[in-house]
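Below you'll find a set of structures to go through.
Across the two complexes that follow, chain A remains constant while its partner is chain B and subsequently chain C.
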Partner chain A sequence: MDKIQLGEFINSIAGALEIKEGNQYLEVTVPPSLLYKLARQLREKEESQFDFLFCITGVDYGADLGVIYHLRSTIYDHSVVLKTRTSDRENPILDSVADIWHAADFHEREVYDLLGIKFKNHPDLRRLFLDNSWGFPLRKDYVDDVNIVTK
Partner chain B sequence: MEEKEKIATPDELQEYFINMGPQHPSTHGVLRLLVSLKGEMVQSVQPHVGYIHSGIEKMCESITYPQIIHLTDRMDYLSAHINNEAVCLNVEKALEVDIPDRIKVIRTIMSELTRIQSHQLWWASFGMDLGGLTCFFYGLRDREKVLDIFEETCGGRMIVSYSCPGGLMYDIHPNFQKRVKDFIKYFRKILPEYDQLLSGNVIFHERSKGIGKLTKEDAISFGITGPSGRASGFSCDVRKHEPYSAYDRVHFNEVLLTEGDTFSRYIARIEEMRESMNIIEQLIDNIPEGPFTVKMKPVIKLPEGEYYQRVETARGELGVFVISDGNKNPYRVKFRSPNFCNLSVLDHISRGFKIADLVAIGGSLDLIIPDIDR
Partner chain C sequence: MGIKGMKREDFEDNESLDLLTASGSNILLTTVDDVINWGRKNSLWPLTFATRCCGIEMMAAGAPRHDFARFGMEVYRASPRQADVIVVAGTIVHKMAPVLKRLYDQMSEPKYVVAMGACAISGGPFFLNSYSVVKGVEHVIPVDVYVPGCPPRPEALLYGMLQLQRLIETQTIKSRKERNASHDYK
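The block that comes next holds the complex of A and B.
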């Protein structure tokens, strides 16, 4: 499917979502409550079959924390980007997609480790690189007087 | 009366944990595997990473795009040139810069040389992990020849930093073409020796065939790319699917196998070295004339937006994801590193095998630890 067909298809299964034709991939903004349902449908529906989750990126947008999922179908060779945001910086919780794609297991642990976003129903949500005494270094308001030299 | 000493059967054995690493020679770096065992059968493997986490993604947020190039060398130090290229391609794509053919061809030749030397080192250390010390000498001897070519042209041997946004740091050395051709001639003759030493070795077959099987479905679901994924039949070669640089003008085969065991991961890499040599041979005599760099603005600022660039490193698909807010520093950079995903499958494919097989499986995935930790 090309970008336009894909956009129509996603609207038909998930209702009216904010869909932007990015410079490379189709970008779909999903509210956190719909994310898991849409991800599962995109994986399982015969027309889309997004079986390869190749990247999960956590982003600190300032007011919000967001997660970006890059999906591709190895059968049809089309790609889509799902974006979701939460405004709760104290206790951000999103649904885990680790039971849909195995790759999400490590990627979500990395996002939790560096940005502090928790994933509900993740099989083993522990910190990956850093130990528990650290803050969340990829947040923009992270302060570390000892290890980060600012000019 | 003497009580007969009871020998425990495997079902009665107690489960226990041992630490493999962080200083174990077969982990090729500081990777710690917490292995749960019953007897010598692996029950589960928990990788503990982060010993050399250096926060490259955080550092990228406070430096400029040309400076990022030098950090990417340090991630997967055996694919250093390909990592550089990924960032350069991403910046050039965002700025819509037209790159002359000369640069594209030189970058492609350098990428393939990088792939060959990386697979040589992998072959050397994989053979050594399984007890064949001669492999290590053979592999490193031949790798030196590629590193000498790098040294002459780039100044660096491993950490080359040869690409920069808009072209290359320097033009190729006048000897470059001759030395590359000499190397290809030499290595074509020497590669059958590799086969004699390991590929046809009965002990090696016993250690690797049927060990650590990975199905195609699992390879896709875990995101296993590169030779490890292609050994399971997952067609994931970015050079074929989304050609970049000069890959659209060369003919080569994507090495696809179906078994998905340790042996086919081995064969996939050996065959890839042959394909890399084919690619270099097609290009080395036809390097177009022209400038080796395009004039770029002194301060590179990417337009606001999100840019994703995929390249095929020696170990799989590297993704560079840049979110720009229009400044000279990126707002967020994410490196989707192939080793990070390849590590995640280790637990899944080594369950039920012996601990000695874990060494073979880990070696066949060809993990580079700084690329996992970043």
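The block that comes next holds the complex of A and C.
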């Protein structure tokens, strides 16, 4: 499917979502409550078959924390980007997609490690690179007077 | 002017070397030191250790075109127990720092450290706003020679290694002990 057909298809299965045509990918903004359901449908529907999750990115927008999912179908060669964000900085929780795409397992652990976003129903949500003495270093409000030199 | 075209006198204006030679040496031990240093400087075996792109330049320095072997440095040792010099070729992050320290501790005396490239010298491109990078390898282990560059060309590393040879030449048993004492990181 091309971008326009994909947009129509996503709207037909998930209701009216904010869909933007980016330079390279179709970008769909999904509220956290709908994310898991939409992801599963995109994976399983015969028309879309997004069988490959090739990137998960955690973002600190300042006020919000967000996660971006890059999906691709190796059968139809089409791609889509799902964006979701939460305004809860103290205890951000999103649904894990690790049972849909196994690749999400480590990606979500990395996002948790660096940004502190928790994933509900993740099989093994531990820190990936850092030990527990670290905070969440990629957050904009992260402070470390010892190791970080600022201008 | 290439390193080959440099005369011996061109190396003489190195301030740190002047300081080292100025500290003097024991008359009785001078000849012994000379012989020992001659042996040490002409068989500097580096440790196979590279954490980043500087390692590629280090490999290039070892390969036929630049050829470390001319100066007795060709035998890269995979075990720190058999190595004389560790070339810190690349960024050291906080997770890597204890490993580097352990490798250094495992090397047997005499041991030398060359900090290769901007990252090993000061953190380089990661100096500002980085939570993960050690801002200079001298925070972890004592450094003998700094080779600037990002990454340094093999010629620069060769020059640095020749400087290390010159440094070894000026060392005495006494200065060696002092150097180790001044870098007691335990």
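Observations on the structure shown:
Throughout what follows, the second predicted complex is superposed on the first by the 151 of 151 C-alpha atoms of A that agree within 3 Å, B and C clash if a C-alpha of one lies under 4 Å from a C-alpha of the other, contacts with A are read in each partner's own complex, and residues count from 1 in each chain.
In this text, contacts are C-beta pairs under 8 Å (C-beta built on N, C-alpha and C of every residue); 3 or more make two chains touch, one makes a residue touch a chain.
Computed from a prediction, not measured in an experiment: that's the story for all the values here.
Applying the stated contact rule after C-alpha superposition, one finds that A:Thr57 touches chain B and leaves chain C untouched. In the superposed pair of complexes, A:Pro137 makes contact with chain B and with chain C alike. By the touch criterion stated above, A:Phe9 is placed in contact with neither chain B nor chain C. Counting the residues of chain A touched by each of chain B and chain C gives the higher count for B. Put simply, chain A uses residues 129-130, 137 to touch chain B in one complex and chain C in the other.
Looking at the complex, you find that chain B touches chain A at residues 49-50, 53, 55, 57-58, 218, 220-223, 234-236, 241, 305-308, 317, 319, 321, 323, 332, 334, 336, 340-341, 343-345, 348, 373.
Those residues of chain C that touch chain A in the shared complex are 94-95, 123, 127-132, 135. Across the complex, chain A meets chain C through its residues 129-130, 137, 142, 144, 147-151. Interface of chain A with chain B (complex): residues 22-25, 27, 51-55, 57, 59-60, 68, 70, 74, 77, 101-103, 105-107, 110, 114, 128-130, 137-138.
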